[in-house]
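In order of appearance the chains are A, B and C, and numbering begins at 1 in each one.
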Amino acid sequence: MDYFQIALVTLEATIRLSVPLILAALAGLFSERAGIFDIGLEGKMLAAAFAGGAAAAVYDSAFLGLLAAIAVSVCLALVHGYASITQRGNQIVSGVAINFIAIGATVILGQAWFRQGGRTPQLGGDSRFEAVTLPFVDTLADIPYIGDIYASLISGHFLLTYFAFAMVPFSWWVLYRTRFGLRLRAVGENPGAVDTAGISVTRMRYLAVICCGILCGFAGAYLSMAVAAGFVKGMTAGKGFIALAALIFAKWKPVNVMLACLLFGFLDALAILMQGRPLPLIGEVPVQFMQALPYILTVILLAGFIGKAIPPKAGGVPYVKER
Amino acid sequence: MDDLAIELKGIDKSFGAVHANKNINLAVRKGTIHGIIGENGAGKSTMMSILYGFYQADRGDIMVNGSKVIIRDPNVAIASGIGMVHQHFMLVDNFTVLENVMLGAEENAILNRGITNARAELKRLEEEYALDVDADAVIEELPVGLQQRVEILKALYRSAEILILDEPTGVLTPAEADHLFRILRQLRDQGKTIILITHKLREIMAITDEVSVMRRGEIVATRETAKTSVEELAELMVGRRVLLQVEKGDANPADVKLAVTNLTVRDGRGVVMVDNVSLDVRAGEIVGIAGVAGNGQSELLEAITGIRRAESGTVLLDGEAIGATGEADPALLRKRGLAHVPEDRHHMGLVLSFEENENAILGYHDDPEYLNGPMLNLENIRKAAQRSVEKYDIRPPDVRLKTANFSGGNQQKIVLAREMERDPIVLIIGQPTRGVDVGAIEFIHKRIIEMRDAGKAILLVSVELDEIRSLSDRILVMFAGRVVGERTPEATEGELGLLMAGVEEDQEAAQ
Amino acid sequence: MSSPYEKLPGWVEYVLIPLINLTVAFLVAGLVVLIVGQSPIKAASLLVQGAFGYGEGLGFTLYYATNFIFTGLAVSVAFHCGLFNIGGEGQAYIGGLGVALVCLWLDGIFPWYLTFLVAVTASALFGAAWAFIPGYLQAKRGSHVVITTIMFNFIASSLMVYMLVEVIKPLGSMAPQTRTFLEGGQLPRLDWLLAMFGFDIGGAPFNLSFIVALVAAFFVWVLIWRTRLGYEIRTMGASPTAARYAGIKDARIIIITMLISGGLAGMMALNPIMGDQHRLQLDFVAGAGFVGIAVALMGRSHPVGIIPAAILFGVLYQGGAEISFEMPEISRDMITIIQGLVILFAGALENMFRPALVAFFATMRGAGNPSEVSTSGE
C-alpha cells in the first residue's frame, strides 16, 4: 500500500469512528448547555443500540429500528430528567445509575428474547442501513487522487454519517440562531433569568434532555444497525465517555465538538493502523497509549494547560426558586 | 391622578410556619413613585414576588389598572404591564445586552427578525429614556450600574407600565444611585408607575411620592412622602420608639493592638474593593465602621483575618505583621489572639449540619485542649460547649443538637461564645445582630461592651447605623473602598449619612 | 448532598427511607424478571438460598462483600469531603499492580504474613497514587474530580493492559496475566471463622482480607468522626467557606482525602489477587469500584451502613451466580441492573418518598397544623 492509500484508509476509518462520538457529544451538548450534566451518554447509546438492533430484526425494518432506538434513549433521558429536574437529585449519581441499568438490561433482555449470548440476530437487507453511493463516483473514478477521495471519503457512507455531520451546523444554528437555543443556553447559565422572563425552567430542561435522548438514539442506531449488523453485548465500549471527553475538550461548542470527535476518532484509527508497525525515531507506540490518549488529552485540558474549559455556570445545580 | 395602577386586596401568604404577608391592602396610583419600606424580613419581597407571579397568594385579589388579574406566573405579570428589577440581577452573564433583553420576548422561533427589531427598539428606548448601553456588550464585562440599567431596559422592552425595583441601590455607588433616581423620575414623568422597595429611609424621602410601611408581614401605614418625616417612618418601621441606647461607660484606650496601614484589596475580577485603608484599634476601645453594604467593609474584614489576600499594605497584630499580602493564615491568627465573628454566620461562622459542640470549636479545633494527639477529645469539647451554652444562655441547651435547628439569635450566640471566650487580643465583629431577635440583640451588645471593658481591641462593622452609633467609641465611615472620615459617636445621623453617601468626600480629601 | 427538606425522626431518616428506596429498587428489578418471563419469587428464594443456604455460598457472599466494603469506604470518605470519586475502579486496578509486584518479588523469600504487610502498604500506596493526580488537579487547578477520575479509569485500564501484555507477563506465556504466586504470596482463608458457626466454606475464597476490610471500616469511622483530620474533612465537605474561615487548608484536605479514598480502593485488590486468584489478571476489579458508589449511597457514607450494604451486594453477586445456574435467562448481568436501580433510587431519587413521609409523620404527630411541616422555599 502506498502512503496515499494508507492515508485514505485511515481517514475513512476516522470518519467511521467519529460518527457515534459526534452524535453522542452533540447529545451531551444539548443537555449540558441547559445545565443538566450527563455522564449517562454511554448507557443511553448502549440501550439505543440494543433497541435498534432488536426492533430492526423483529420487524425487518431499519426505520422501525431507528425509531425504537430513539424511543428507548429518550425514555432513559426522561428518567435522568425526572431525577435531576423534578426530584432535584444528584445528576452524576443519576447518570451512573442509567449506565448500569443499560449495561445490565441490554444483556438480560437480549438473552431472554433472542438467546444468542446477548446478541441480537444478524441484520441485513431492509433491516440494516446500507452505505449510499453518491452520484458521479464512476465519472470521477479515473481522475487520480480526486476520484479515490471522492469515492471513499465523500461517498460511500451511511445516511446516518451524513446526518451526523449535518447535525453539527444544525446544532450550532439551533443554539445560536433560534429562540429555543437562546433559552436553552440561558437556562444553563442562569435559570433565574429564564424564570423571571416568564419561561418555564422545567420545560426547557426537559426539552433539552429529550434532544439529548434523540441524538443518543441515533448514535446507538449507528452502532448496531449501520457499522455492525446487530447488537453485541457492551458494544459502545466507552464511546459515551470519549464523547463526554470530546464535549469538554470542545468547551461545549458545536463546531469544536466535531473537531474534537474527529481528533479522537483519528487517534482511534491511528491506533488500529499502527498496531505492530514501529514508527521511525519513536519506535513502536503501544496501542494502549493511543487508546488512552483522548482521556489523557482531556485531563490535560481540564488541568488548564491548554486553555480553560469552563462549563455552563448552572450545570449540575437543580433549580430552586428562591424566596 | 386617582387612577390606580395596582391594588392589592387582602393578600395573605404563608411559607410553612412563617406568615410572610398578612392581609395586605395596598393601592398604588398611576404615574407615581410608591415606596415600600420595612426592615429586612418584613415581607416586602414576598409581596412583590406575589405581584410578579413568582408565588401565589393564599388569599386575596390583585387588581391591575382597575381590573382583577390572576397572576399565575411571570408571563401574566409581564402581559399585564408589570416589570421587575430584582435585587440579584436576573441576567445571563455571558450573553450580550441584546440577548438578555430579548430573552423571553423573541417574537419568532428564529431569531433573525427578532434581533433586528430588538436592536431598533433598544435604540429607541435608550434615546427616549437616556439609558445608554452598548447593545453588543457582554454583561459580565459591564459595571453593576449598567447591568441594572439592562434590567430596566428588559422591563421597558416588554412595555412595562409598572416597574418594581427591589432594593435597587444595595449594590450601587451613590453616584450610580443618583443616576438611577434621575432615571426613575424621568420614567415617572413619562407616565410610568414605579414601586420602590427599600429599607433605606433616605431613599424614600428623596424620591418617592407616597410610601407604605411594612412591619412583620403587614402594611402598617401609607403616607404621602411630603407629609411625613424620617422619624415617623422609622417609628412605624420598628413599631416602637427604640433608641438603641446601650449602657456603657467611657472607654480607656491603651496601646494600639491592631494597626492597618495602606491596605489595598482587589476582588476576583481585579476591581479595587479596599483602597489604601489605614486604621488603628487600641486595647479597650470599639472602632465602628459605618457604610452602605458593599463599600469594601467585607473585604477589609476578610483581609485582616487572613481569609482574603491583600494586594498591598500591612496589618500589625499586637505589633507584629500578619503577612496580609502573603502567608496570613486564619488558623495562625487565631492562635495569636485575633478572634473573628464573621458577617455571614450561615456560610462562614457555622457549619449548619454540625452538632452545636462541633461548631463550638470551629477554627479552634487544633487547640491542644480539644485533642489527644490526632484524635478529638470529645469529652473536653462537649464540656467546653456546655459551659458556653450556660454562660451565653444558648437555647435549647443541647450541645448535641444540629446547629441548623437553633434560631438565628442562638446561632449567633454560638459564634460569639466561641470567639469571645478565648481571651483574644483583638476582636473583629461583622454584623453582630443581623437576623437576630430583639432579646438577643441586647445581650450581644452588652457582651461586646464587656469585652471592651476587659481591654480587648474591637473592630466592629455593621450596616445598622444605630448599632454603630450606640456601640462605637470612634466611628470610621467607608465609602467606595476608602475610609472617608472619622467621627465621634456624638455625630448626628445626618452627618454620618452624608459621609456614607460619599457627599463630603471631596472636602475631606481636601483637608 | 444536603436537602432542603423538613426534619424527620432519626429512624425514619436512616432506616425507613433507605429501606423504602431499596424495596422500590428491588420491586423494579422483580419487574424485569417478570418481563423476562421468570418468577421473581423463585429468583428471590434462589438468591437467598445461594447466598446463605450453605457454607460455600456464605463464603462467596462474604468474599464479594469484602471487595465492596473497601470500595464503598473509598467512595464515602470522598463524599464526606464533598468529592465524588468515581475512580475507585481504576484505583483498585492500579492497587492490584502494587499487590502483584510485591507478591512476585517477595513470595519466594518471605512467609505470607510478611509479604502481606508489604502488600497492604503497596496496594494502598498504588491506589492512592492513582487518586493523587485527580485530587491534585481538583485542589490546585479546579478540574472537576468526577470527570478526571472517569478519565483515569480508562487510562488505568489501558496502562494495565500494557503492563500485563508487554511487561509483567511471564516469557512464553500467551495469557495476559502474571505467574501464580508461591505460598508466600497467598493469604490464608478464613474457613475456621465460619467453621465456628458450623459452616464449611468448601472452595470459597473467603480470606483474611475480610478482616482487613472490617479494620478499614473501623479506621474510617475513627478517622471521620473522631480525629481532627476527619473534622476538617467534614467541614470542607459541608461548607468550604466555613473551612476557609476556620483556617483549614482546602487544597491540602482535598488531596489528603483523595489519597485516603484511593488507598482504600487500592486495598480492595488484596482480596481477589492475594486472597483468591494468586495472580494478577486483566479486569480483576470487575466493576467493584462502581459497586462502591451504590454501597456508599445505600450505607449513607457511614461504616455502619456500608458493611450491611456491601454484604447485600455480596448476596447479589453470589446469589446471582446461583440464579444464573438454575435460571439461565437471569444471568449475572441482572446484578448490574439492580446495582443501577439501587444507585437510582437510593441516590438520585433519594428524596422521592420524603414529602409523603413528612406529611404522614406530621399527621401522626397530630400537630393539627399541616402548614408547620411544609417544605421551605417556594
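The criterion applied here is as follows: a residue touches a chain if its C-beta (ideal position, glycine included) is under 8 Å from a C-beta of that chain, and two chains touch if they have at least 3 such contacts.
Since the structure is predicted, the reported quantities are computational estimates derived from the model, not experimental observations.
A.B. asks: Graph of touching chains, which shape: line, ring, star, complete, other?
C.D. replies: If you draw each chain as a dot and join those that touch, every dot ends up joined to every other.
A.B. asks: Between chain pairs A-B and A-C, which one is joined by a greater number of C-beta pairs in contact?
C.D. replies: Looking at contacts between chains, A-C has the larger number.
A.B. asks: Let me check something: if the centre of a chain is the mean of its CA atoms, which chain is farthest from chain C?
C.D. replies: Relative to chain C, the chain with the farthest C-alpha centre is B.
A.B. asks: From the mean C-alpha coordinate of chain B to that of chain C, what's the distance rounded to whole Å?
C.D. replies: The mean C-alpha positions of chain B and chain C differ by 46 Å.
A.B. asks: From the mean C-alpha coordinate of chain A to that of chain B, what's the distance rounded to whole Å?
C.D. replies: 47
A.B. asks: Whole-Å distance, chain A centre to chain C centre, using C-alpha means?
C.D. replies: 30
A.B. asks: Where in chain A do residues touch two or more other chains at once?
C.D. replies: Residues 321, 323 of chain A touch two or more partner chains.
A.B. asks: Residues of chain C that touch two or more other chains: which are they?
C.D. replies: As it turns out, chain C has residues touching two or more other chains at 376-378.
A.B. asks: Out of chain B, which residues touch more than one other chain, so two or more?
C.D. replies: Expected reply: 15.
A.B. asks: Using the touch definition from the top, list the residues of chain A that touch chain C in their complex.
C.D. replies: 39, 79, 82-84, 87-94, 96-105, 107-109, 111-112, 118, 238, 241, 244-245, 248, 286, 288-289, 291-292, 295-296, 298-299, 302-304, 311, 320-323
A.B. asks: Flag every residue of chain B that touches chain A in the complex, lowest number first.
C.D. replies: 15, 45-46, 49, 52, 54, 73-75, 77-78, 84, 86, 88, 90-95, 99-100, 102-106, 108-112, 114, 154
A.B. asks: What residues on chain B touch chain C, complex-wise?
C.D. replies: Going by the criterion above, the answer is residues 14-17, 55, 305-307, 329-334, 340, 342, 344, 347-354, 358, 361-363, 365-366, 371, 374-376, 378, 405.
A.B. asks: Within the complex, which stretch of chain C touches chain A?
C.D. replies: So the residues of chain C in touch with chain A come to 1, 4, 32, 35-37, 84, 86, 133, 137, 141-144, 146-148, 150-152, 154-155, 158-159, 161-162, 165-166, 290, 293, 297, 328-331, 333-341, 343-344, 347-352, 376-378.
A.B. asks: Which residues of chain C touch chain B once you look at their complex with the stated criterion?
C.D. replies: Those residues of chain C that touch chain B are 2, 7, 222, 226-232, 234-235, 238-239, 241-242, 244-248, 371-378.
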